[in-house]
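You will see two complexes here that share subunit A, one where it goes with subunit B and one where it goes with subunit C.
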Partner chain A sequence: MMRGEGTLSRALIWTITCLGLAVIYAPPLYLLGVSFNPALQPALPHVADVTLKWYLALAGEKQLIAALEQSLLIAAATAFAATLLSLMAALAYVELHARRAAWFLTVLLPMFVPGVIQGLALSAVFQRAGVKAGLLTVIGGHLLWALPFAFIVILTSFGVVRRSYLMAAADLGANRWQQFRDVTLPLIRPGLVSAFIFSFLLSLNEFTRAFYLAGRQNTLPVVLFGKMNSGASPTIYAMSGAIFLLSVFCVGLVLANVLLKRRQPA
Partner chain B sequence: MNRRLPPAFALMALPLLAILVLGFLPLMVVVVWSVWTWDPLTYWIRPDFNLGSYAAILEAGRWMVIVSTLGKALLTALICLLIGWPTAYAVHFLAGRRLSLILLALMTVPFFTSYLIRSFSWRLVLGRTGVVNDLLIHLGLLSAPLDWLLFSNFAVLVGLVASCLPFATFPLLLSMRRVDPVLLVAAEDLGAGFWTRLSTIVVPLTMPGIFAGFLFVFVMVVGSSTEVQMLGGAGASIVSVMINDVMRVANYPLAFAISSVVLLVIFSVVLAGNARFGLARLFGEGQS
Partner chain C sequence: MAIAIGIEAVTREFGPVRAVDDVTLSIGAGEFFTLLGSSGCGKSTLLKLIGGFDQPTAGRITFDGRDMAGIPANRRPVNTVFQGLGLFPHMSVAKNVGYGLSLRGLSGKALAVKVEDALDLVELSGFGPRDVNLLSGGQRQRVALARALVMEPGILLLDEPLTGLDERLRQQMRDEFARLHKRTGATFILVTHNQDEALSLSDRMAVMHQGRLQQIDRPALFFDQPANAFVARFVGIDIQLKHQGVTGHGDAAYALICGQKVPVRIGGPAAPSQTVVALRPDRLFLQSQDEIPLQEHAGRMMLTMVESRFRGLHHDVTLAFADGQTVVVTQAADRPVPEPGQTVAVTIAAGGAMLIPTADP
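Moving on to the complex of A and B:
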């Protein structure tokens, strides 16, 4: 298929691809570079000047640390709930036949509700119901945000579960629970792990919903947002850099996991 | 172990409950409270039917914010498609196996990094002493830094494109996978050039992906606030920021009236698109 392709057209397509990647990656990578700069003014450090002092200074930022703890707790709870619920939703999707498109859309729709509206409306509901703003309310908001993503990830992993495997298991006398436990579950395990980590990161980085749903103890993005707007400081760069690195690392882990699993002969 | 897997409706119960309580119920509240009465003296709301909030959307240039938000969404979606389509094409048709995996990974990462941090980092790039201005001055192309790069509609647009691009690229990539390569080889054998093959085969066959990508970006921008708050100029607004502002005086009815209008637009676009292209088909790959 490669023969005779217009070289110019291909060059154009590659240029646009690189432009897109640059737009996505250049700014955060620059920020990451700046976070290793000893000076107060934002600039890339010289190789000899690279320093971790702003990262070490993070340990002294009590407010940030408290917010980080809160965010990690919320993210873990969100990831657990989102993975469990979207596994159920995906199993239901596979079982359903005629109505599966409607079910798919039902699970996906929350993704399309703007964060501000979702957060504000949910906080109004919680207020009326007498639920105090705090950990649980943020988890509720984040669960709905992460659910569609986790659902799609798990659903994609169901692609390797052939109907013939389940039929073979059924012929050998496995009931549906045993089919699930011994055939489906091992096959979709990479999908479950991915869904968990992705939900975790979605929650960790979510800001607009948490803004309305967090009580007095703010989550990390909420605190960061306040600090970013009240004058940038190198510790903000360091905190941003640390979160960015952590996120990239986690996604890399998931992708490596999925790709390695795929390469093993089935 | 003689337990049985529960049937579909039992499996649906818990996720459905979460979606109804956390998603649907709040939206009902949005619609209902939008026709309640707000008392500016006490900042309190009463359950008396009142369409005043919808009338208030027409005041103080609020409808202009809604229109300009839709304009931004449209523009961002188009730019994202113009960048995302060639990217998806490159990943699927031009790159070798290893490179396409690397590119795929690079496109997955941004979904799960903080959009707050990604928006914020543009300040360092576009500011008066930022990278772009420094570079242009260094090259002698400018004598003084450009002011309109940051805290402007330009900066907001750039930030929005950067945030939303992965949402366009991904569905495009999924739809590229459904293009049978045999068709392209056949077309080439029959003498069709590169651009002819693109315009008569690949573009029509990736229409579902093009639409889904457009839809995702459009909806993301309509609901965005961070980019405007981080990169917009003084007085810059977008629907979500306007809702924030209205809520400073706890004017729930007006905030929810605006929300209702926005949700109506979003859901019409999503449902119309779904009826036309079937979003489930795009993602339900490998499902029998």
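Moving on to the complex of A and C:
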């Protein structure tokens, strides 16, 4: 009886798990399938028809390539700036004592402003100030978007930096900068890496703010959206497929790295 | 070289609280000095002020006569073994121990030799490449010691370094401190709430309470002449009796406790109304019934038996005066214990009863 129940609940858990995974992965996998279809209409291809022609055609899609380059540039700049700024914000948080909560909320606030409003507001302000829309305006908008997330990630990593480590370093002759360089920085490095990746992805994904703030050169999400509406060639599926495959590859690489490291000490 | 420390009228306020309240103290070069007190008495705050991790609200701290005001922790000739140790978790044992010297510009072979010497000193030879997170409590303790001692500090501060270790390790590390104090010749300041540590290690010690130093003396004098009731209780003189007055003076002084005359030694000039009679437990003896006549006699108290508690090697025998004040006398486990309600005689050996102030003057 007990065993029967055990099998049943196990089957149930597996069913739910598979269903959940399917809901998450079916759409991008479907898109991936579509990208190998030679036909112009989006549908899964027959095994015999599988083709790479849209991927090859990607090289000729100047507009998509330019948008991708722009997006990568913006994401890299945003990730770099967001990581640096939120590191400084987190350091300030650690030093502040009584007014910590106020500082925390101040840095977090942009997260709660809807993108539509923030994009509109920024674009109005930039226009008023005579700043031309372009690369920098999008980076500015994305920085506001990514900063609170990066701040939280880095702040979490500060949990391992105990006060006694810094006192011990001071005791051994380290000044403030040396304490930071030799103790704080190595301990929070995982947080910095996570914050960088997180900000990079947030920027790469972002549509609304970029839509308002981009100048002549749109970012990839904006271009893809535009092409989707104008019923363009299936190269956009190839572009999506390529990004998806690259992401899977990166995650696989990290996973392999972790597994290797775990095996080494044993 | 060992450094002498002068603490002159130092006060540290945190808002309305005086964590350290007008403390004046001088510690000799090469001395092993202990600050003893319960948690929250201000002893760690005083240590932080010496180490330069905090600034006094008022008063001066001098090292060999030089004022230390405005000199931060990283530029003081002081090293500390912190309560939580503060070992750097991302560095190996050798990196931890060598960190301070590498900041001084030492590197390569010279650094490695110094680090290995320091590890030898704390009997951790060959532990250099190990991960500090995988060491036992005692080993981590020794790494923290080596990390401080490798700097050859003039002053070593030990902030409750034995808290959290089991009893056997405590004993072991205590012996280690004594040995290292002799080896290095530095001024050692230990902060602890454990009187055993204080008594066995210190040249001199101070008992601290509510930010004030209650008494500064050699350990033995805390038992011969406790400054007040608090100090006496802190070092284990728990029997403190209210009295109705004092007659005579000098060697022939008597306190009247519940109608009985008890010979006391008068410690200070305090008014009798603000004193109590403290009894040293090691100088009280229960007299067996058959050898003495049951009558009052100087140096002897007649008490009523209340209860007895078995303690392994001895009994704690609780006896009471007619007014309810109690006295606990130890009786060897193989000696007979009186029945409850019985009247028994307790003799007080010379110096066993002291008249001391109730609180600090």
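Methods note: the second predicted complex is superposed on the first by the 204 of 266 C-alpha atoms of A that agree within 3 Å, B and C clash if a C-alpha of one lies under 4 Å from a C-alpha of the other, contacts with A are read in each partner's own complex, and residues count from 1 in each chain.
Keep in mind that, in the parts below, a residue touches a chain if its C-beta (ideal position, glycine included) is under 8 Å from a C-beta of that chain, and two chains touch if they have at least 3 such contacts.
None of these values were measured; they are calculated from a predicted model.
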Which partner does A:Glu69 reach: the first (subunit B), the second (subunit C), both, or neither?
neither
Name the contact category of A:Asn175: first (subunit B only), second (subunit C only), both, or neither.
both
Would you check which partner chain A:Leu144 touches, where first means subunit B only, second means subunit C only, and both and neither mean what they say?
first
Once chain A of both complexes is superposed, is A:Leu96 in touch with subunit B (first), subunit C (second), both, or neither?
first
Touching A:Pro186, do we find subunit B (first), subunit C (second), both, or neither?
second
Going by the contact rule stated at the top, is it subunit B or subunit C that touches a larger number of residues on subunit A?
B
Shared contact residues on subunit A for subunit B and subunit C?
160, 175, 178
If we count contacts the way the header does, which residues on subunit A are in touch with subunit C in the complex?
160, 162, 164-165, 167-175, 178, 182-183, 186-187
For the complex, which residues does subunit B have touching subunit A?
1-5, 7-9, 11-12, 14-16, 18-19, 22-23, 25-27, 29-30, 33, 82-84, 86-87, 89-91, 93-94, 101, 103-106, 108-118, 120-125, 129, 131, 158, 161-162, 165-166, 169, 181, 184-185, 188, 193-195, 219, 222-226, 229-230, 239-240, 243-244, 247, 252, 255-256, 259, 262-263, 266-267, 270, 274, 278-280, 283-288
Under the stated contact criterion, what part of subunit A meets subunit B in this complex?
1, 3-6, 9-10, 12-14, 16-17, 19-21, 23-28, 30-31, 34, 41-42, 81, 84-86, 88-89, 91-92, 94-96, 100-101, 103-110, 112-118, 120-122, 124-125, 128, 140-141, 143-144, 147, 149, 152, 155-156, 158-160, 163, 175-181, 198, 201-202, 204-205, 207-208, 221, 224-225, 228-229, 232, 240, 243-244, 247-248, 250-252, 255, 259
Hey, which residues of subunit C end up touching subunit A in the complex?
51, 53, 72-75, 78-80, 82-90, 99-100, 103-104, 147-148, 151
